[in-house]
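In the two assemblies presented below, chain A is common to both, partnered first by chain B and then by chain C.
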Partner chain A sequence: MYMIRKKTLALILTGIMITITALGVFGCEVSDSADTLTVFNYGEYLDPDMIKLFTKETGIKIKYEEATTPEEMYTKFKSGAIGYDLLCTSDYMLKRLINENEVREIDYSLFQYKDNIGQKYWDFSKSFDPENKYTLPYFWGTLGILYDTTKVNGKIDSWDVLFNGEYAGQIIMQNAVRETFQITEKYLGYSLNTTDRDEIQKAYETLLKQKPDVQAYLVDEARDEVVAGNAAIAVVYSGEAYLGHKYNPDLEYVIPKEGSNVWLDSWCITKNCKNTEAACKFLDFLCRDDVALKNFEFIYYSTPNETVKENLPPEDQNDKYMFPDDSVTENCEVCTLTDPETNELLNKLWKELKAN
Partner chain B sequence: MVEKLKSLLSRFYILIIILFLYSPIAVLIILSFNDSRSRVVWGGFTIRWYAALLHNSQIRVALGTTFLLAFLSAFISLVIGTAAALGIASMKKRSHKLMMMITNIPMLNADIVTGIALMLWIIQFMPLGFGSVLIAHITFNIPYVILAVMPKVKTMNISIYNAGRDLGAGPLRAFFELMLPQLSGGMISGFFMAFTMSMDDFVITYFTKGAGVNTLSTMIYGEIKKGIKPEIYALSTMIFVLVLVILMIMNNMPAKEKRKGEEERGNVYD
Partner chain C sequence: MDKVMNRRSVLSGPYVVWALGFTVIPLIVIIKYAISDRTGAFTLSNILAIFDPVNLKALIFSLEIAIGCTVVCILLAYPLVLAISRLKFARSGFMLVILILPMWMNFILKLLAWQMILSSNGILNMIIRAAGITGFDISNTPISIMIGVIYEYFPYMVLPVFDAVIAIDADVIEAARDLGAKKGTVFWKIIFPLSLPGLMSGITMVFVPSMTSFVTADILGGGKLQLVGNIIEQEFIQSMNWNLGAGLSVALMIFILISMTFTVKKDEREEEEAW
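Now for the complex of A and B:
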């Protein structure tokens, strides 16, 4: 038995040694160097070839990390486990980060291509970044109604179709508290950032009344249900609507006249960014005509970069899904709701709605 | 009559079970040949997603990381786990029980708790990266190896080892030639168990990985926001077929293997 123990000890030591060697080998790889940027973005939200191109042009390496929701990004960012330099996230989350003093001013004097971003989008940004100091617009879109023209009488132009009972059993709503309450508030003529308890209560009652007419509350599948002809009307984002129209030309997308949510995803530089000059270089690179075009073709969401439209073939320039008229978004609002009490109330009412 | 009905029912039952298990995979395989990105529109038969897969460096890198991670973590935890099994087996009854309990906890623990705990612990002394995921995977793999090797250690005939030592074999030689072969069955199953566990894991990897490190599962998760690309269906189909082929080969092997094993054991005992 004594021999076995000695052997065991030897084996354990071998194991420890192998581990240490392995750590040594992979430890070097993760050490931070000055010419590396750690970028945090949504999944599939940047053409990987553009990252390669940037590294080739500038020698700055990119460590790229992806997430699915703004909340997830916030949690990972706040945990401090990884030191992110650049973050791309959504309107209300940007407001929260700015409020919490987590981002730093972007030095636009280092930019060459900043003016490629249209004034309209800087104005959108003002709802969460009043002086356009902290964020750079990246992609945007709207929330609206995707409908099957063969199943609907005439043209749809109002949220009313969701609530008047005409299409009972044919409606797909978003399975998300934010979107569902936003459109209902807009339908009732309130701001979608309302913190008024009575208004929120009214919206809840309207949704409760509508519930028997709703076929299902879905997220990604909403588009496919209309494409497949299982439903006539769905509340979807413009990017999804574009794909829906592509798969099934009978489908139309509309931003109702009462107005809707316009979302904006923007870049910001974190407070802890070690190399702000490189970070600015990266952001400026993303604004450059050729890069913005390639990136647009990869992602296919509406871009705030106005050179993209000019560089597209004429037949793509008139795509009303990608480049809607300014008039369409007139009544739209950016979501900047960060009030924790209101969010809690909305979540509570949403749960009650779903449970009812 | 009753017998017939019974057998009919049991067949029907098995059919339903198989249907439930395999119809999702069948749908996935069909979609991997769909020439449309939509899940509900059939755009005609194509193999272009398989071609696209070969050119997608992101997927290639993620696949490489997944296999490297699975192999390294399985191998390292095999060494540590086997050593641990030998050590625990030679302990006194009480400490033996205690150690086995301790090794069982990580297996029963929720992944998310293990993941967050490992992340919090690892960032105390190193930045998150490939190394941190590797440590995490080794950590959760060791109990599986111990569990697989332990029964072999318990039924191992230690006299063979002692006899070898008496007849002049050095401790190393005796260990590798007389002790290890007796454990090899458990070690192999432990290794493969650890390998699959590592390949399968999402939650722990998600919490312990650094920026820029992606396994297949974390990469696919990142795609959810914009919808999963058909390349992933193609990749999943290929992995499924690969596993199927390996299983078929393995299922046809044991007949030979067993005979060989018996002969060897016979020799040793004779």
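Now for the complex of A and C:
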């Protein structure tokens, strides 16, 4: 019996070693090749046909990896198991990566289509990338209120409706610490990037007082609950609002006058990228008119690429959800909060809010 | 004898690999995280964090939900099992298939269906309102979480109890009747004690998962009610505090182990009949 155990063990170990060697050999082959880029992006956030088209046009192969949250991306990137060349992630995470010196300057002299990105979005970027050196805007959106016009009195234009008790039991909040605190801080007149403990405590107390009026804290289902008529008001992202309005024309989306969060996902080139020229080629390709249009139609979020709007049929050009007026984002802020202590405090208060 | 043993150990090879790779090693990793802080230094504070008011409250709420669900499952399972066990084999098999059928469907899909049924304008609330009861909304309450949990785990209670009941020798029951025992006496003195091993397996399989079914709590509780599972999930996903998340998981494991020792002892005593 002892002998057999030893043999089995030896067999298993051999198997494991063969696997590791094989992985190592193939892994190296891919990442060492000069004509390959390893791209890390959110799920369903790039039309797969565009990757094929890029490889066809340039001969550069793309190794594509996906993640769900910025935090997951950060963890995987930092672990260093895979050498990523290009990363698409969110505003505050980009700030963190820039602070930690993980990204390199993008050589915009190699770009042909950089000017397709509107000036407004370069200005948004400045909140985390002050000189527009490291990041390229990709998609953007806002956080606001989706409401059923048949169930509320008049037009909604303030976060106040969530907190004044008028719509008790009719409110859906986001089941996420960041978003929930951001809108409350905006409602109270603070910055959504505040690190002031008193301000955060006030926001917590406001949320605690509001909790009995909240029907549910949801993420993906928030929109559906308003569409189904189970709730009158929900805090949602603009992309969700567009779909909600499509399902039920009685639904309206508003960015409250106190301002809100405007998010901006952007590309960056990592410090470890071996072939920056190919990386720039890929980013420039994404900015090209036809590629940006196809990609927009696949993802359907607001795009910073101004040629897209011009190339759409006229009825789609006037879609106020996809292409809001500049005025509505006036009071909005990009989230650039990276302070670990503040994040810890927010997480702690969020847990307490849920427990009460 | 030696040969038999050799063959046996070869046959168990896949299981050993499985157990090592998917149970033992992950468990060691979790415990390692649980007993260290972010810098890697040894600490027990992550495990003791279960006694923080917020975490303790979630644990107690989980216990209430789990006990409630287990009791309801038992109360529903026995009448069903007694009814099915008297049917002819073909028909009882058919009834069991009907019972198991929902288990072939995706778990999230079933929860989303329940969410619609239990929503403010859902069928259940409409029936309640039609019955003249007002001012009561079942959506996003502990009751709706319990309905979801019971629906999911009810078969895990019925099957072992059914197995135990069907294994009872019909002669034993007949003998009891011959001696003048009434139906109630037959159940309490014969069927129930002999089905205990099955009941214990059933309790283990319903009680433990219902304490931690955080997805059910999130979807049917509207995110307003927290099981201890939700807190652990939040520590891992939102706070990125793996050490605390792992610590709470370990505390929960210890807690479940303690509460299960009593059940396992019963199981061992009548091991031969166990499911």
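By definition in this document, the second predicted complex is superposed on the first by the 324 of 356 C-alpha atoms of A that agree within 3 Å, B and C clash if a C-alpha of one lies under 4 Å from a C-alpha of the other, contacts with A are read in each partner's own complex, and residues count from 1 in each chain.
Here is the rule we go by: contacts are C-beta pairs under 8 Å (C-beta built on N, C-alpha and C of every residue); 3 or more make two chains touch, one makes a residue touch a chain.
Keep in mind it's a predicted model, so treat the numbers as computed, not measured.
Peer 1: Between chain B and chain C, which makes contact with more of the residues in chain A?
Peer 2: Touched residues of chain A are more numerous for B.
Peer 1: Which partner chains sit in contact with A:Lys271 here, chain B, chain C, both or neither? Use first/second/both/neither.
Peer 2: Neither: A:Lys271 stays clear of chain B and chain C.
Peer 1: After lining up the shared chain so the two structures overlap, which partner does A:Lys211 touch, if you call chain B first and chain C second: first, second, both or neither?
Peer 2: second
Peer 1: Touch check for A:Lys63: first (chain B), second (chain C), both, or neither?
Peer 2: So A:Lys63 only meets chain B here.
Peer 1: With the two complexes superposed on chain A, say which partner A:Ala228 touches: chain B (first), chain C (second), both, or neither.
Peer 2: Touch partners of A:Ala228: chain B and chain C.
Peer 1: What residues on chain A does chain C touch that chain B touches too?
Peer 2: Residues common to the chain A contacts of chain C and of chain B are 1, 4-5, 8, 12, 69, 225, 228, listed in rising order.
Peer 1: Where on chain A does chain B make contact in their complex?
Peer 2: Its residues touching chain B are 1, 3-8, 11-12, 14-16, 18-19, 22-23, 26-27, 29-32, 38-40, 42-45, 48, 62-69, 79-84, 220, 224-225, 227-228, 239, 243, 247-248, 299.
Peer 1: Which part of chain B faces chain A closely enough to touch in the complex?
Peer 2: Per the touch definition, chain B meets chain A at residues 36-41, 57-58, 72, 76, 79-80, 82-84, 86-87, 90, 119, 123, 126-132, 134-135, 138, 158, 161, 165, 171, 174-175, 179, 210-212, 214, 219, 221-227, 229.
Peer 1: Taking the touch rule as given, give the residues of chain C at its contact with chain A in the complex, in rising order.
Peer 2: Result: residues 2, 5-6, 9-10, 13, 16-17, 53-54, 57-58, 115-116, 119-122, 137, 139-140, 218-219, 222-224, 226, 230-231, 234, 237-241 of chain C touch chain A.
Peer 1: Which residues of chain A touch chain C in their complex?
Peer 2: That would be residues 1, 4-5, 8, 12, 69, 71, 75, 169, 175-177, 211, 214-218, 221, 225, 228-231, 343-344, 347, 350-352, 354-355 of chain A.
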